[in-house]
Amino acid sequence: MALNSTVKEMRLLSLTDAANRENWQACKVTYGAALLKLATERPEVVALDADLANSTQSSRIRDAKDESISRRFFDVGISEQDLVGTGAGLALAGKIPYVNSFGVFLSGRAWGQIRVSVCYPNLPVRFGGSYGGITVGPDGPTHFAISDIAILRSLPNMTLVSATDGAQVPKIIEATVDYPGPVYIRMGRVPLPVVTTAETPFETGRAYVYRKGGGELVLYTTGHSVYDTLEAAEILATEDGIDPWVVNVNTIKPLDVDTIATVAKQVKRGCVVEEHNIYGGLGGAVAEALAGSHPLPLGFIGIEDEFCESGEPMELLREYKLDAPGIVERVRGYLSK
Amino acid sequence: MKTKAFPYPAVKYDDAALEKLARRLRCDTLCMIHQASSGHPGGSLSSVEILSTLYYQYLRHDPANPERTDRDRFVLSKGHACPILYAILAEQGYFPEEELCHLRRVGGLLQGHPSLHIPGIDASTGSLGQGLSLANGVALAAKLDGSDLHTWCLLGDGELQEGQVWEAAMTSAHYKLDNVTAIVDRNGLQIDGKTEKVMALEPLAEKWLSFGFHVIECDGHSFSDLRRAYDEALATKGKPSCIIANTHKGHGVSFMTDQAGWHGKSPSVEQLQAAVTEICGDKKIESSCMKTVLGEVKGGGR
Amino acid sequence: MKTKAFPYPAVKYDDAALEKLARRLRCDTLCMIHQASSGHPGGSLSSVEILSTLYYQYLRHDPANPERTDRDRFVLSKGHACPILYAILAEQGYFPEEELCHLRRVGGLLQGHPSLHIPGIDASTGSLGQGLSLANGVALAAKLDGSDLHTWCLLGDGELQEGQVWEAAMTSAHYKLDNVTAIVDRNGLQIDGKTEKVMALEPLAEKWLSFGFHVIECDGHSFSDLRRAYDEALATKGKPSCIIANTHKGHGVSFMTDQAGWHGKSPSVEQLQAAVTEICGDKKIESSCMKTVLGEVKGGGR
Amino acid sequence: MALNSTVKEMRLLSLTDAANRENWQACKVTYGAALLKLATERPEVVALDADLANSTQSSRIRDAKDESISRRFFDVGISEQDLVGTGAGLALAGKIPYVNSFGVFLSGRAWGQIRVSVCYPNLPVRFGGSYGGITVGPDGPTHFAISDIAILRSLPNMTLVSATDGAQVPKIIEATVDYPGPVYIRMGRVPLPVVTTAETPFETGRAYVYRKGGGELVLYTTGHSVYDTLEAAEILATEDGIDPWVVNVNTIKPLDVDTIATVAKQVKRGCVVEEHNIYGGLGGAVAEALAGSHPLPLGFIGIEDEFCESGEPMELLREYKLDAPGIVERVRGYLSK
């Protein structure tokens, strides 16, 4: 397989532009807008929430002026099990339900329902998994979604997409609306740097080379860690003379083993960077894929199997060394081992 | 909205016909479970009248077009009782009766619990407590579409201990889903014993009432009383109905009746023969499933 | 079973003392949330009287020995209301008041939701619906041990939509846990709006009754009415009690009262100052937390 | 690290004895007996169930003649969330609760409760996770526990032990009763071959070399796949001249990275064999560990991300190629790639 792209081909925003806070976006904002657009175009689209409509922005459907749209919103109250089941029932009757809550509750309080009511019958339920990772922030450990990738990845029929940034969300929505089977879209909470542009490709099931590098190192990453990883790569290139590849594993399941392995073959080592437990998440997926195709020494840069603590999102990224300087430090540590 | 007539409900099934059918379905169920060497006779037998009344006299459906979008829906939330449902679906022609003999077998169509890929099955279930939410979802879609389809959901009484049932009950009531009817198979038993001893449910009618349902109690083994209940449920507007169908687990087979031990146990050859004799009495009933299984048994097979 | 006396409940807290305390706790709560730039004022303020009556006049506990096994327990199932609980625990000496100023901050003791590692906190909560099960577990252990400790659990009204609450309610009743009291903060609001509009809970008393509880309604902002309810709950034998405490979300601050929008929003400097002025009136109240936060505010800090 | 053992040192039963059906044991039988013994010795031990006491054999506590034991049994009915929460509450009050249900419901219908009510406060709750894998049999896909390892492994503070066979269960119970924090014990349903003896060592957190081999291949396995893997190793040794190592990863979390890596260094390749989805389970754990220490090409022998179908336990092992012949076939396929 030929490597699919370079940064330029990827048509990303420059890191300087990405760093500019004026360009930052929260996934929920673009998600809500995309959902409303979709509902306008597609009468079979419905939205559900469990008392978090303002946070997930499924409120855009609820509050639509057009009653033929707003009537397609259903709040089930604080009951994630019923949320998922009701969504599944709507899918059984031919609707395309968008089921919304915080990632930790959506995946974790209704896992048994996602398994039997949705994945086993392979229903086209779409999960809006907002509030992924630790950038959930001050609400703290009970609200961090740092095992969601691990627990959803093990479900047959599940497709798991990770939004790179706010700008990419509408693209994901569009690309997955007719996907045959369940799709979970993992999104961050707060406004975060945007790296993708209207031209950046997104296809379900693909990983993308966001940065071509030299023969030393590849950094596999996903979601809103993509920006910090790209930043870290620049620092490593400038300060350490290491020129890392950066691969955005945009879809975590099914995994684009081809791209992941093809890049692995170019380098001596890799690191996986994710706002998720180092056990079972993207790190696990990449480790499995490479062990099966092209074994590569890997370092795991994520949450080190702990619940973490409350804090401001950016503060937490710093504390848990998932911002660019933290990633650089951890990559250096890994390389010096 | 309706275009083509449905083959079911069918007028030809009067009480005499249903009664005969129920005997046959009971036998099929036990033959299947015997043949599979595993399965759930108790909760299947307690639901025979509930389901045969529903599938032959009420549910608008079409075995030749299992996917018709205007059909009524049935969700077997107590999925372990699927043998009786499979027996009905086979009898109505959703799939060859032959399949009943391969229940729970590798390569067979019929899984240990209902799966959406089986023709006639409207929802995957088996993990208890999930069915009413599914029924609500279908009902909400029907309301959006202006369809008058009705969704029925059968729950076990022990199953009501799952919190999701009460989440779903709130949802049915909140959205005034008068196109949803929950039926509770109130056989008084769960695996570990009497529901009232394991985890009491009474006062059960009050629970459903306080969750916003119109509540109807009935004799779950009487066709006429079930019809009264179903009619009342269909006639009730503005809120969902819950039918508490009083039944006996293992009904129809004396040694299984009200015995928790027969929840999930397969009858031996002797037990099967005794049960069939008791169920059929002097009536000669022979389904193809019975022929195969009892034939094998007589021929000293397996 | 009791050996040493507990410092709390303490006779010195009469209604006048409590009233003054409640003002201070309200201010602390708002200062904390302002300082944290996030948190849940609405549901904290609605629980002030419920919790201060409980922690100063009823709960047998000992800030100097947070782990005493014979202490009563309190589970804040609606974990997001922890600011008011933290304010109480700090005032009673479980940890330095200084910690209140670091709520939700990296390196601080006080997490966004209650964590067992915080002195005085009896259970980790924040994922709604889990608290009553925990309370039941403690109560079952107490019965085994012949201990007369009592467990109290505070739930949000929106939280009652979680099915686990009803699973737990069945368990409390089934095991006749008269050493469990569930208190519902009936403020009528959840995040998305009025509970009756989002997912109706009424008739709520009937729900708890039908789940086997002794039900008591009271004014959740009246110390004397709360005492009546607590006394009745403690006096009720053979079954658990549920107190439906009618409250107002954001109580004590006019612009927050009954406003869903103040569920999870931090007040600005101006809003904080207005709220404190309204709460304190002409009474001079200055906790160390208030001093720090309001001092900073006045000094033009942050 | 020196390799800890050989088969002989492991004091295993001979494979001929293990194959003898008269020696087979069901975990639940030994579990029930061990639980009763423990409850007799330790007054703080309590047991809970969710209407499956006869299946999990927590009924041994319920039905104990001694009322001081039987009163320590609590059935909460069919409500796994409340089951876990009530267990956590008992732990908060100083008890050592054994919480029982089928693995798929225990782990999957109460994951959010295990996370917040048990793992976050790090309470000493013990989970009797019976009915692991597909040997659950005729109940079918809804009842198969083939994602339990994946979803529990991602929980901080969780210890995850996998019972090799019925004979080992009492040893695990004894070794973990005072473990500080939650412990999940994964067990099979039906009578299965026994390979461990009273002398076979078990220590929480250790993996064991059950078969020393040559320089070609290591088979990492766990639970009741250990027997079939040992059998498969013999066949491969005899028929193919490959002499595989077999490592029993008896504790899946925390993982014995030392033993796993030390063996990896002796061989060219490895396979992971487990009655679990190939994604996120033992395969993921081993792949992560080796990528971080000694990258080794790995094959993944498990359930290939599907829900499977109903059948008799042994029939299913054959169908999904997890019995010895199936494992041999899949290892050969892997080696020939």
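For the reader, a short list of remarks on this structure follows.
Order as written gives the chain letters A, B, C and D; numbering starts at 1 within each chain.
Note that contacts are C-beta pairs under 8 Å (C-beta built on N, C-alpha and C of every residue); 3 or more make two chains touch, one makes a residue touch a chain.
Remember, it's a predicted structure, so these values are computed and weren't measured experimentally.
Chain centre most remote from that of chain A: B (centre = mean of CA atoms).
Centre-to-centre, using mean CA coordinates, chain C is 42 Å away from chain D. Separating the centre of chain B from that of chain D, both taken as means of CA atoms, is a distance of 36 Å. Averaged C-alpha coordinates put the centre of chain B at 45 Å from the centre of chain C. Shared contact sites, meaning residues of chain D that touch two or more other chains, fall at 76-77, 79, 81-82, 104-105, 109, 112, 115-116, 120, 141-142. Residues of chain B in contact with two or more other chains: 115, 124-127, 129, 161-164, 167, 170-171, 174, 199. Taken pairwise by the contact criterion, the protein chains are fully connected, each one touching every other.
Those residues of chain D that touch chain C in the complex are listed here as 46, 71-72, 74, 76-77, 79, 81-82, 84-95, 97, 112-113, 115-117, 120-122. Of all residues in chain B, those touching chain C in their complex are 129, 161-167, 170-171, 173-174, 199-201, 203, 206-207, 209-212. Only residues 49, 51-55, 59, 75-79, 81-82, 104-105, 109, 137-143, 309-312, 315-316, 319 of chain A touch chain C when the two sit together in their complex.
Interface residues of chain D facing chain A in the complex, by the touch rule stated above, are 80, 104-105, 108-109, 111-112, 115-116, 119-120, 141-142, 147, 150-151, 153-157, 253, 277-281, 283-285, 287-288, 290-292, 295-300, 305-307.
Of all residues in chain C, those touching chain D in their complex are 69, 73, 115-117, 122-127, 129-130, 132-142, 144-145, 163-164, 167-168, 170-171, 174-175.
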